[in-house]
């Protein structure tokens, strides 16, 4: 098992509040690793630390052997770490085609190309088409993102992260807020992600977690409380207690 | 030593005047998230009202000061209820353009009605000249400014911290939505505050006509100074703009005396440097805005 | 719509190409501009002013309409280019005007590059203040260094050699007008390519959602610096054109009114589709000319009133009133604006 992403002693303090408390994770290559925990446990903070949106108070983040703690968010994306946001962060006025086209162009190094037309660089269109189809966006590719139904927007959120061809994909509650009718599309899309892409998933939906994950970390008050295979975690009485809010002794 | 102290004295007077002129702007920015580039127009109005009252109608200077405050406050209420209320929800850019439009209109209107020459207020003879204190020239008029503005600042601080209106105001500045939820009539607070801020600007304009020079281009000339005091001082308290205004006042006077070639430079450069290092101002809170 | 007519790859290519295709309205616009050279010879002086203003507005549109950077001091670059061109000519450093134009633009671009980091951080209000501050500082510099710039009297003694050694400026302003139009058109074409390119797309992304933009691998700061520098170049060129066509430069090239006017132009014409500055400049200049004819001393009052009304009525409502006209205009001018394609967008 090779570790593709790990954190060592990651700490984040906001003033007097310790949002992330000495978190050390090891995520194996190709893993489907889920991060769960009660509300306010600090799961999104961990993602923000991993992606560089928020600088850590202490600790290190190592991606494929390289210490990326000091890198800015866009530099981490370039090194193969992409994320989705819990609340959609999309470009309201752009179309899905433009959004995905942008991500692909950037990855292929066309970011500063000011002379050629979008999509005219060889290879860009060839990448856009399968992405649109994989994420069921081909039929809405030319509509303004702001007008799309929420489920489609959520798919676009995952698609644009995937367009960066990440080796590690961080999904922050991908099914959050998605109406029942559109959830299966999201779940199916996530399940169909290629095996060589490592996925770290934050979710509240336990069905999704237990059907998808091969390893689960439970985060409570910013610290890793329990970690292990799904069955073990599901049977652990301490985890049930945490979720049901019972007092934990000692 | 003497020139240094004289400059310090002049700078303090200038700074305190600047504070009275700009605290209304700081409060409306912090309270209503309103960028009001036309704030200087209220100051100009106060100045011209005083000119009319004193020069043309023969009222005593000290009597026309409160009248300038009242008249300008009334103009403020009128404009707030009819015009400004429509731009509270708009973006800062639109507010900027809107208030620039008001400035253009007021500048042209004053030019039309009062002419473009500089106006001088006939200040009473007891305020002319200066005291000589150990070789330091203490201008009588400037001393009056320091005293009056100092009293005003203390009064403002007391109102804010000791009265119910003050606590309502501070609540509304902190979070208008929550304040409304608590039953505070935020609209009334806005209107009263805007009127008060405009009135203070008018009073500042009346006091400042003698020192700053009063002509139709006043709002444009001094707009940048008010904005500097507010953005460098931050808009979440009174002390921030107060200290920033003092900094601007002393810096401007000292700069023009010691390095005349650079003059106004110093102020602009200080502002730029401060805003780079601390975009929320020296004393401001980092808010979502 | 038949899905099996074109393959998905072709559809994608078609959609992307649609943006850059020249609309009918665009062609008509530029043909009309070309015709104005021959059909309106007596109006060339004011048309030259409009062309210069249009280029200046275009430069602001690049940062405001596409990258979302608010500036209240864009005249800083206009003025810098204006004085650069004047000084280059007055002190015979570069005699050929076209070369001097490029160098002046480059000088303004350098200034833009150096000051670009000021607009990277902070809120919109901070940006307004800082850009205003820069313009005021430059005005003060020009004022203080009057041994170089002529101070409040302006830069005298600027004489412009014939363009490219052959086309001398004439009293009627015909050569000047064609010169400005050619420069405007070339720079417009370049701007058009920029906004249809991946770089231009990334700017719209930065404007729309900077957080998501960096999450896609875009270095937001680098893009902003780049477009700010380009916009400064364009503004500097427009300022240089003013100096070269009027053979004079004064402190009001840095004035606050100039920065405010160009904002009004973009409000009138609309931002984010490149033609807003051009159309707005025409409307503004004609309006200003008409007002100045009526009240030579107080026309600024009416400009202020227009500003107030435009903001009060709101661009959304105005946009809705003329929504049908605007949509057709945009379709005619091609779909390479920064708004979406199918639905009407509200300009923020």
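The first chain written gets the first letter, and so on, giving A, B and C; residue counts start at 1 in each chain.
Just so it is clear, a contact is a pair of C-beta atoms (placed from the backbone, for glycine too) under 8 Å apart; a residue touches a chain by one contact, two chains touch by 3 or more.
Owing to the predicted nature of the structure, the values given are computational and were not obtained by experimental measurement.
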By mean Cα position, the chain sitting nearest the middle: C
Chain of greatest Cα-centre distance to chain B: A
Length of the line joining the C-alpha centres of chain A and chain C, rounded to whole Å: 41
Chain B and chain C: spacing of chain centres that average the CA atoms, whole Å: 34
Where chain A and chain B are represented by their mean Cα positions, the distance between them in whole Å: 50
For chain A, residues that touch 2 or more chains besides their own: none
Contact footprint of chain A on chain C as seen in their complex: 8-9, 11-13, 15-17, 19-20, 193-194, 196-202, 204-205, 208-209, 211-212, 214-220, 223, 226, 338-343, 345
Residues of chain B defined as touching chain C within the complex: 29, 35, 83, 86-87, 90-98, 100-109, 111-112, 220, 223-224, 227-228, 231, 261-265, 268-269, 271-272, 275-276, 279-280, 289
In the complex with chain C, residue positions of chain A that touch it: 51, 53, 72-75, 77-78, 82-83, 85, 89-95, 97-99, 101-103, 105-107, 110-121, 125-126, 128-129, 132-133, 138, 141-144, 146-147, 160-161, 163-164
Of chain C, residues touching chain B in the complex: 70, 72, 117-118, 121-126, 128-130, 132-134, 136-137, 140-141, 144, 256, 260, 263-264, 267, 297-298, 300-301, 303-308, 310-312, 314, 348
